[in-house]
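Here subunit A shows up in two complexes: once beside subunit B, once beside subunit C.
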Partner chain A sequence: MASQILYALPFLAKGFAVTLWVSLLVVTLSLVAGVLLGVGLIYGPAPLRWAVRIFSDTIRGIPILVLMFFVYYGLPAIGLHLPSFWAAVLALTLFKTAQVIEYLRGAVASIPKGQSEAAMAIGLTFRQRLTSVIFPQAFRRFLPPWINGVTDAVKGSALVSLLGITDLMQAINQVIGRTYEAMPLYILGALIYFAVNYALSLASRRLERRFAFIRE
Partner chain B sequence: MSEASNAGPALLDVRDVSKAFGAVEVLRSVSLQVKRGEVVTVIGPSGSGKTTLLRCVNFLESYDSGSIRIDGKEVGYREAGTRQRRSERDLAAMRAETGMVFQSFNLFPHLTAAGNIMLGLTKVRGKSQAEARQIAEHWLGRVGLAHKADSLPAELSGGQQQRVGIARAVAMEPKILLLDEITSALDPELVGEVLAVVRSLAEDGMTMLMVTHEMAFARDASSRIVFMADGGVSAVGPPKEILAEETTNERLRTFLARFRASHF
Partner chain C sequence: MGYALNFNLIWRHFDKLWGGLLLSLELAVISIAIGTVIGLVLAVWYVSAGRVVRAIIAAYVEFIRNVPLILLVYLVFYGVPTVVDLAYSAPTSFVLTLSVYSGAYLVEVFRSGLEAVPRGQLDAGKAIGLTPWQRLIHVRLPTMLRITLPALSNTFISLFKDTSIASVISVPELTFGAQWINFNTFRIVEVYLVTTAMYLLTGYILLFGLRLVERRFRAAR
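What follows is the complex of A and B.
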């Protein structure tokens, strides 16, 4: 048994690499898109605010799996054929983006209005107010839910196996298919996912402590 | 610094400014002039529009009609009588010409005392870090906090925070300083240190428009006092005149009587 699993390790490592790659793409793309749309939701003109609000509420109300199948199996109906990998990344990114928008909105809303006014009063422009005053303070509120969301993204990436992508989850299933060693392999898989997420939450706690200067 | 400092036209010229929040008229055709070097204090019961007026001067609030000019330049709107708002960039540049100190200090909690002062100097005035640091240290010295340059706001007392707030505003060399009830959030024993700073700025010729409930301070430090009631200017004059007990202005007499009853 042990030798069979040892033999499968390189294969599992490849799957793990795919899991990390999907997670990294989803987390990065959703961060960029979510912050841009979030700023639009908070400060944008009414039509933009409505559009972002509708996007966020709709996406968050749909199970990720439905979203993923919709992108992969549904979009071809309007001529949009995405390879399974990118369909999965797009669906997960859409979902995560909606979350990032809400984290950002909450974090910025927690900054007292006086901060913007003080920044205005010394003559900072809108962009300067965001980058020098609002975001540095909102960051601390944004971080905990966002890191939580990152661990969710790592776990959620296991869903891509349902589109036939050989991520860690799929690799484990395939090895089990060959070896019938379900118990040890699922334990191994769980440990790997856990290790990644535990490392992330440790890093998060460290970061939070570094930014603990703001009085509650 | 000021090339045309001889009396002449007012530095701040507020004319017929009106503003309503929905059905509530908060400012009714307010007019008010502040000359260079003058300290003008606005007093009045709460809800009389004092703070709103002050916030209109640096366009933290917009106004519905009338005009506010600083050094001849319309503050929030483009010239030629249009009600067209200035661009974001223009507004920022206009606001840099006025300093404001807030009731609730509003220091940036993620920056040190020096950092709070340096932000505007580097981002708006284009000074180098070193230069900005020097200016920050100079002003912190002026408000008696040279030793607190690297402290975060959370590590300072209310009075110290407010003195940093003042230093942050004056370091930008504004044409006029707006003080919005800057001692109202302070414990009584901390009020004195903040007012002492304001007094020394006044002695240096800083032009100021302030809203305050500190009547004794208003009496001693102001060139003129403006009494506002119900969104309008009800009386203007030198402190001795306005704060005289035998004033004939009914509203003012009631206000002062109530004030004396609660403060002495």
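What follows is the complex of A and C.
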């Protein structure tokens, strides 16, 4: 048993690298998209606000698995052919983007209105108000839940195994298919996911404390 | 787009989706009920326990919360029966998994609620001569529930959505029904549009109901 698992370790490591790569892509892409759309939701014209609101509420209202199948099987049906890896990343990114939008909305809403009025009063442009007044303050409200949400991205990435992508989850299932050592391998997998996510959540707690004592 | 929507095949197989939705709700309700018991018992135990018990409960919570649900579902369905002499169906296996999973999330919700109960309320309970048990039932738990209701609603709805993971062990719930129609009729866009609408609508109805409960309890001060 032990030798079979040792033999499988390089294969599992490759799967783990895919898990990390998917998570990293999803976290980065959703951060960019989420911040852009979030600014649209807060400051944009009414039609844009409505569109972002509907996007975010719809995406957050359905299981991530349904969204994933929708994107994966639905895009080719309407003539858009993406490699399965990118379809999976796209679906997870859409889901995460909706979360980032809500973190940003919450963070900006927590900044007192007087800050933005004061910035307007001293004649700052919209862009200056955002980059020098609102965002620096909103940032520390945004950071802890966002880092906490990174663990969701790592956990969510396990779903790409259902689309035939050999991430850690799929690698474990394949090794079990060969060795029939289900229990030890699932436990090993759980420990790996746990180690990564627990480290991330410790980091987020530390940051939360680090940012907690800065007062406005 | 070059894709003509045609919902006929979806309506012909709608029983797969409707039956699936009912099963999703059933899985969610049973798991949440068991999870709530686990969560309440462990949370009450946690706040009054010594260091060792606390560490064990914290380990359970942290472990479950940091591992993907899909892995836990596989572990319970394919892994556990290989080491213990137990046989259970896929739905039972999933309910078991989601109960333990929701228990971990609910311990956290209840624990923070218990810690938010004002000290003065407990002292007042003590002052009028309530026993510790009476203080728990009549003072701590009701106050804690009122504090945690909004967080509880969100957790319940998110657990309802998590029932979609049951499809990976072929439990015929809503997501599984959608996949069945996807693979057998190839009306892909239509089936996922309908499924999306069904999840959204159910989620909103649940949320609406839970908000009513919240308001009902907030009024009773």
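Everything that follows uses one rule, which is that the second predicted complex is superposed on the first by the 212 of 216 C-alpha atoms of A that agree within 3 Å, B and C clash if a C-alpha of one lies under 4 Å from a C-alpha of the other, contacts with A are read in each partner's own complex, and residues count from 1 in each chain.
Criterion: a contact is a pair of C-beta atoms (placed from the backbone, for glycine too) under 8 Å apart; a residue touches a chain by one contact, two chains touch by 3 or more.
Every value quoted in this text rests on a predicted model; they were computed, and no experiment measured them.
Once subunit A is used to superpose the two complexes, subunit B occupies space next to subunit C without a clash. Contacts of A:120 after superposition on the shared chain: subunit B is touched, whereas subunit C is not. Legend: residue contacts after superposition of the two complexes on their common chain; A:156 is shown touching subunit C, with no touch to subunit B.
Of the two partner chains placed by the overlay, neither subunit B nor subunit C lies in contact with A:56. Contact with neither subunit B nor subunit C is seen for A:23 once the two complexes are overlaid on the shared chain. Once chain A of one complex is fitted onto chain A of the other, the partner contacts of A:170 are absent, as it touches neither subunit B nor subunit C. When the two complexes are overlaid, the chain among subunit B and subunit C that reaches more residues of subunit A is C.
Look at A:136: by the touch rule set out above, it reaches subunit B but stays clear of subunit C.
Contacts of A:194 after superposition on the shared chain: subunit C is touched, whereas subunit B is not. With chain A used as the common frame, the shortest Cα distance separating subunit B from subunit C works out to 25 Å.
Those residues of subunit B lying in contact with subunit A across their complex are 58, 60, 88-89, 92-93, 95-100, 102, 104, 106-110, 119-120, 123-124, 152, 154, 168-169, 172. Put simply, subunit A touches subunit B in their complex at residues 112, 114-115, 117-126, 128, 132-133, 136-137, 213-215. Only residues 1-3, 62-63, 65-72, 74-75, 78-80, 82-83, 161-165, 167-168, 175, 178-179, 182, 186, 188-189, 192, 195-196, 199-200, 203-204 of subunit C touch subunit A when the two sit together in their complex. Against subunit C, in their complex, subunit A makes its touches with residues 58, 61-66, 69-70, 73-74, 77-79, 151, 154-156, 158-159, 161-162, 169, 172-173, 176, 180, 182-183, 186-187, 189-190, 193-194, 197-198, 201.
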